[in-house]
Amino acid sequence: MTSSEEGELGKLVLAMRELFQLGLINPRGGNGSVLLDERHIAITPSGVAKQWLKVEDLVIYDMETGEFRGRFKPSIEVNAHVLTYKKVKEARAVLHAHPPLVLALTDRFTKSKSRRRWWETGLVEVEYSVGRAEIAEPFQPGSVELAEEVSSKLASGARIVIVPKHGVFAWGRTVEEAMDAVVALELVAKYVLARLVSVK
Amino acid sequence: MTSSEEGELGKLVLAMRELFQLGLINPRGGNGSVLLDERHIAITPSGVAKQWLKVEDLVIYDMETGEFRGRFKPSIEVNAHVLTYKKVKEARAVLHAHPPLVLALTDRFTKSKSRRRWWETGLVEVEYSVGRAEIAEPFQPGSVELAEEVSSKLASGARIVIVPKHGVFAWGRTVEEAMDAVVALELVAKYVLARLVSVK
Amino acid sequence: MTSSEEGELGKLVLAMRELFQLGLINPRGGNGSVLLDERHIAITPSGVAKQWLKVEDLVIYDMETGEFRGRFKPSIEVNAHVLTYKKVKEARAVLHAHPPLVLALTDRFTKSKSRRRWWETGLVEVEYSVGRAEIAEPFQPGSVELAEEVSSKLASGARIVIVPKHGVFAWGRTVEEAMDAVVALELVAKYVLARLVSVK
Amino acid sequence: MTSSEEGELGKLVLAMRELFQLGLINPRGGNGSVLLDERHIAITPSGVAKQWLKVEDLVIYDMETGEFRGRFKPSIEVNAHVLTYKKVKEARAVLHAHPPLVLALTDRFTKSKSRRRWWETGLVEVEYSVGRAEIAEPFQPGSVELAEEVSSKLASGARIVIVPKHGVFAWGRTVEEAMDAVVALELVAKYVLARLVSVK
């Protein structure tokens, strides 16, 4: 493993801790991965507290055979990660989080034409950090259908995909690019809610 | 003390600090414990700031005699912890926190049939992390009645019990499993509030 | 300086950083002190970022002569601290913070008889951690009048005093007891707001 | 580089991390700078996660020639920083953040005469920490027009300028003075929202 890969692995572990601290995942929610080479990724383990993760807890997963090495099993969303790397040629990192305000607004405005894409606010970070966002069909967590749906939407030009009642998936050329989209989208949701809430 | 037990004690101390940082306990609110062997638990001390706790501040408590060792007294909720370990055979960790949004929603919807179980939202973490939640009778903090009520509800299949105007108790096979349920439930409450709040 | 005093000074510095991290003070807002002996206190300096404070930045202040030692000037609220130590015999720590939700609710319900004491919710931490709270007349920050008003209310049995549009002052036998009241009161405010906000 | 300059650089890096932790910037949003001498500033790099920044990642920028040294390019807002140092003689630090509640309130009350200056609440930190605030014309991020607009408003006596749908720029004689204004303004926004939100 080169030291630059190790750098990205360290950032993946840091990003998971920060997602927890910002209230964007519960301890065993969310997952993340980094592309190691054409065939292998390092992915967060299933059922392990993400804020306490160490680099050595990451699972090395072979995208061709499905074999893996490490103390733990890979995240149940491993298929969504693998398909994203296969379809999005530039992707070198994928993050999945459960931002509560993003999910609340997506549910609220699902039937409202004018507010369905609630993040289209003109806020600077929507253009610079969120990029294109899309809403996916909410297939079962861990299912091949969800992996297909999410990766297809990401491959079609979205930086981040919202799965209703579940969470978001974002890809990046680096961990920080994926992290930027996830954190920015929840900040936009906080802005939207404060912008809309009834006042006296 | 084996090194694996020491690991769980370290995680208990970390979990208490994180509950404070996430705004789920005030410094002297909340408590937590870990099962050491069939007869002993390590429990957080009474009246000590939880964000500054060290492993050596934990109280070793004998569940048969009620005797304890350490610089401090055990948490006043020690009975709820002990009865939970006695009734829930798989339990190896118990956490108690005061999540403000969980308590607010429980109070709001206490008389509303359709919203009383406000966490039943279909959010993925309700199934994966919260598990079954129940509302307990709000007996006096530290009382045997509260300990009986909470432990019975946990023994009947709940992962987490909400005591109105007081807080939540969750059990886990590890500290992180209990922590996961507590943190996830407050994130669900944040989602529910943002989903329901009146907007213009 | 004994090592136990040094311990309380370390906790004072930690408490200020935590108040910042929890959003209860802006960097140069808030202040805190610890009683060193019958005549001296250590108090946070004026105009210094509280999240970056070190023990050596604390100002040693002589309560009889008003002389002080240290690299900085004492907090402009030094009089409120001094008078509190003089009037509350058990006080060994005083904290002042600017909790935004506490101030908002106090302003909202100032004319509402039934909600003026908005913290009287029956929440467990109100009895155990907040203790008695009182609302003070909002005299000028740093004035002798404010110092008299706050210290008198604390001496009359209050653990914490709310100064409208300004902040709260709390005393404790330890830093953690004062910290507990400040943090608990803002958590109660968060609960009250979530309990009352209009929903659809 | 003198050790006092190094101190301010260290504080700049810390401030960026804290802005991230407080939810006032997304990882690649926001920027900050420190004046090194009459001609040079150290500024945060473009497109780098601000919570992971190290002092050696800062870009040394020559305000006369526009040349720079470092591993990265300077922030796209470098012009706003440079013009602020040129026009505000006392400025030795400039910070730019994206506080979501500040932006939401500014948008909400843009047409309301009585609430347009929503921060004028009488809160103590408005006088002591925010100082004078102004709303700028929302020119394109990174444009010379925005740099002119922001620096002119800061030079006319404002401590902090709000750019609608974008963020805030604040100057200080130290990093902590600029940081104080940014953090205080978002806390004021939190107070205002809690003061106004409809309740039952």
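In this document, chain identifiers A, B, C and D correspond to the written order of the chains, with residue numbering beginning at 1 in each.
The definition used in the following text is that contacts are C-beta pairs under 8 Å (C-beta built on N, C-alpha and C of every residue); 3 or more make two chains touch, one makes a residue touch a chain.
Bear in mind that the values here come from a model prediction, so they are computed numbers and not experimental data.
Participant: Trace the shortest sequence of touching chains from chain A to chain D and report its length in steps.
Facilitator: Tracing touching chains, the least step count from chain A to chain D comes to 1.
Participant: How big is the rotation, 0 to 180°, that puts the C-alpha atoms of chain C on those of chain D, in steps of 5?
Facilitator: 90
Participant: Report the inter-chain centroid distance for chain B and chain C in whole angstrom, where each centroid is the mean of the CA atoms.
Facilitator: Their C-alpha centroids are separated by 29 Å.
Participant: Where the centres are mean C-alpha positions, what is the separation of chain B from chain D, in Å?
Facilitator: Between these chains, centre-to-centre, one finds 41 Å.
Participant: Tell me, which residues of chain D touch at least two other chains?
Facilitator: 21, 193, 197-198
Participant: Looking at which chains touch which, would you call it a line, ring, star, complete or other?
Facilitator: Graph shape here is a ring: one loop, exactly two partners per chain.
Participant: Pull out all the chain pairs that touch, please.
Facilitator: Those chain pairs which touch are A-B, A-D, B-C, C-D.
Participant: Would you tell me which residues of chain B are touching chain C in their complex?
Facilitator: 20-21, 23, 26-29, 48-49, 51-52, 98, 100-101, 103-105, 107-108, 141, 165-167, 189, 193, 196-198
Participant: Quick one: in the complex, what on chain A touches chain D?
Facilitator: 11, 14, 18, 21-22, 121-125, 128-129, 176-177, 179-180, 183-184, 187-188, 190-192, 194-195, 197-200
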